[in-house]
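You will see two complexes here that share subunit A, one where it goes with subunit B and one where it goes with subunit C.
For the complex of A and B:
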């Protein structure tokens, strides 16, 4: 209670103001804290082990036609993904979550791009990179491998 | 020079409202009258009492202010709320034992009598005291009031258990030293 009365003095004569030196100390200590925190994050990232992704059959080779899509979940059941057959012998797959605010992206065949309807974020079908709009990063790409007549997901490249 | 004091004598008030109009001409709150001229008991008497801020030594209004907007200057004057801080919450209006603060809804700010700070800080009398024809509001040296008035000035009030000492004086009968009020006394109604 005493401290409260000191900080919020009723009388103007006893009001306390933050001095320039006090403020400078606060700034220096805060930025020092930020710096140490960033170092910690850097060191942690050096020692991070790569995540082990499971292998999962997502489709048969001839299952979808050229320009068609198939939705699947990988690596967890909650992680929605979209697979597109761009050419007779080529399929690509990306996470369906827009990197902006996680709306589901869809394949717009006419414009040949992935579109997010929420804020008109467009992604390239070729590599998932951002073509326009607010998304800050490219869509995470699902790494696919062909094995016999099956298409298998083997990992996620963020 | 003897220090000037502000004295309120309700028994001298004639209810002319001159102070109300003079108040609104003060430069610090131009256009807003911050004085109260109240009927004491409208039903049975025409007696009125002018109330200016008493400028408490330990101002209740400032103590209850959640926004730290009410400040007291070194000369003992409790100022109007600071415009950038006041949130017009009316805490001070409810807390003030004298009923002084006014919340100006259109300004979203509490304003109260600041004893015409621009005038009194420059050794001039407050607007209301300059116009009061019966000197119910008087701004004079303490020795003058003691010499010229039968009543005695006091600045100690008891509101229940709360003791309030103020910068402004109230004129009371000569044998009284402090004004003691108990809110419960005023809840009694004749015939009830």
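For the complex of A and C:
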């Protein structure tokens, strides 16, 4: 009578053994995958078309006071944005999604900066650039135009 | 080449592949970050360097196979 060990003579430890060559092959395939990833980014950037942003009335000029904010959505209903009136004749607007992990940023009036509560990422109100923390890039800026007594969003600058 | 020397050479080549992979991983991350931020100027050099790194890894793999075959035949 045949024993199980005789019929299946390969032990589990032997079966799971990875040789240096196999491991090296795995590393090289990983390298190939990352090269393909870089190529994919390159091709995507070649065929990237400028997005046509709609024009959208965000607020009336006197609607918010200096140092106050207004939240709105632009260009899509899911894209939360924050508009801040920094001076009587100046308003700025940014995407409200932190560039780190997409938490909603808020305007901290005392410190005059935009803050992300999740990981203490701070952004400049003047241009949306990163002042502190883990965010890797500036907040996308909403391009605004004043027309009469209305503030109109016309695009997004990444 | 004896077995000890062959193993050392293979281990060295694999360590080099691992270092190249770390560099390539960083490169891919940085390129993706730039792409998402709308900065496309670095994409071509990054793809070129990534290709060179892949070629180097493939070259090292061929080197490993050759050393392995040489050691096995001379054993």
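Remarks
Everything that follows uses one rule, which is that the second predicted complex is superposed on the first by the 141 of 158 C-alpha atoms of A that agree within 3 Å, B and C clash if a C-alpha of one lies under 4 Å from a C-alpha of the other, contacts with A are read in each partner's own complex, and residues count from 1 in each chain.
Definition applied: a residue touches a chain if its C-beta (ideal position, glycine included) is under 8 Å from a C-beta of that chain, and two chains touch if they have at least 3 such contacts.
Note that the coordinates shown come from a computational prediction; the quantities given were computed from them, not determined experimentally.
Residue contacts after overlaying the shared chain place A:8 against subunit B, while subunit C stays out of touching range.
Look at A:57: by the touch rule set out above, it reaches neither subunit B nor subunit C.
Of the two partner chains placed around the shared chain by superposition, subunit C is the only one that A:25 touches, whereas subunit B remains out of contact. Contacts of A:66 after superposition on the shared chain: neither subunit B nor subunit C is touched. By the touch criterion defined above, A:126 lies against neither subunit B nor subunit C after alignment on the C-alpha atoms of chain A. Touched residues of subunit A, counted separately for subunit B and subunit C, are more numerous for C. Touching subunit A in their complex are the following residues of subunit C: 10-11, 13-14, 17-18, 20-21, 24-25, 27-28, 31-33, 35-38, 40, 43-44, 46-47, 50-51, 53-54, 57-58, 60-61, 64-65, 68.
Within the complex formed with subunit B, the residues of subunit A that make contact are 8, 10-13, 15.
Interface residues of subunit A facing subunit C in the complex, by the touch rule stated above, are 20-21, 23-25, 27-28, 30-32, 34-35, 37-39, 41-42, 44-45, 48, 99, 136-137, 158.
Note for the complex: subunit B touches subunit A at residues 58-59, 62-63, 68, 70-74.
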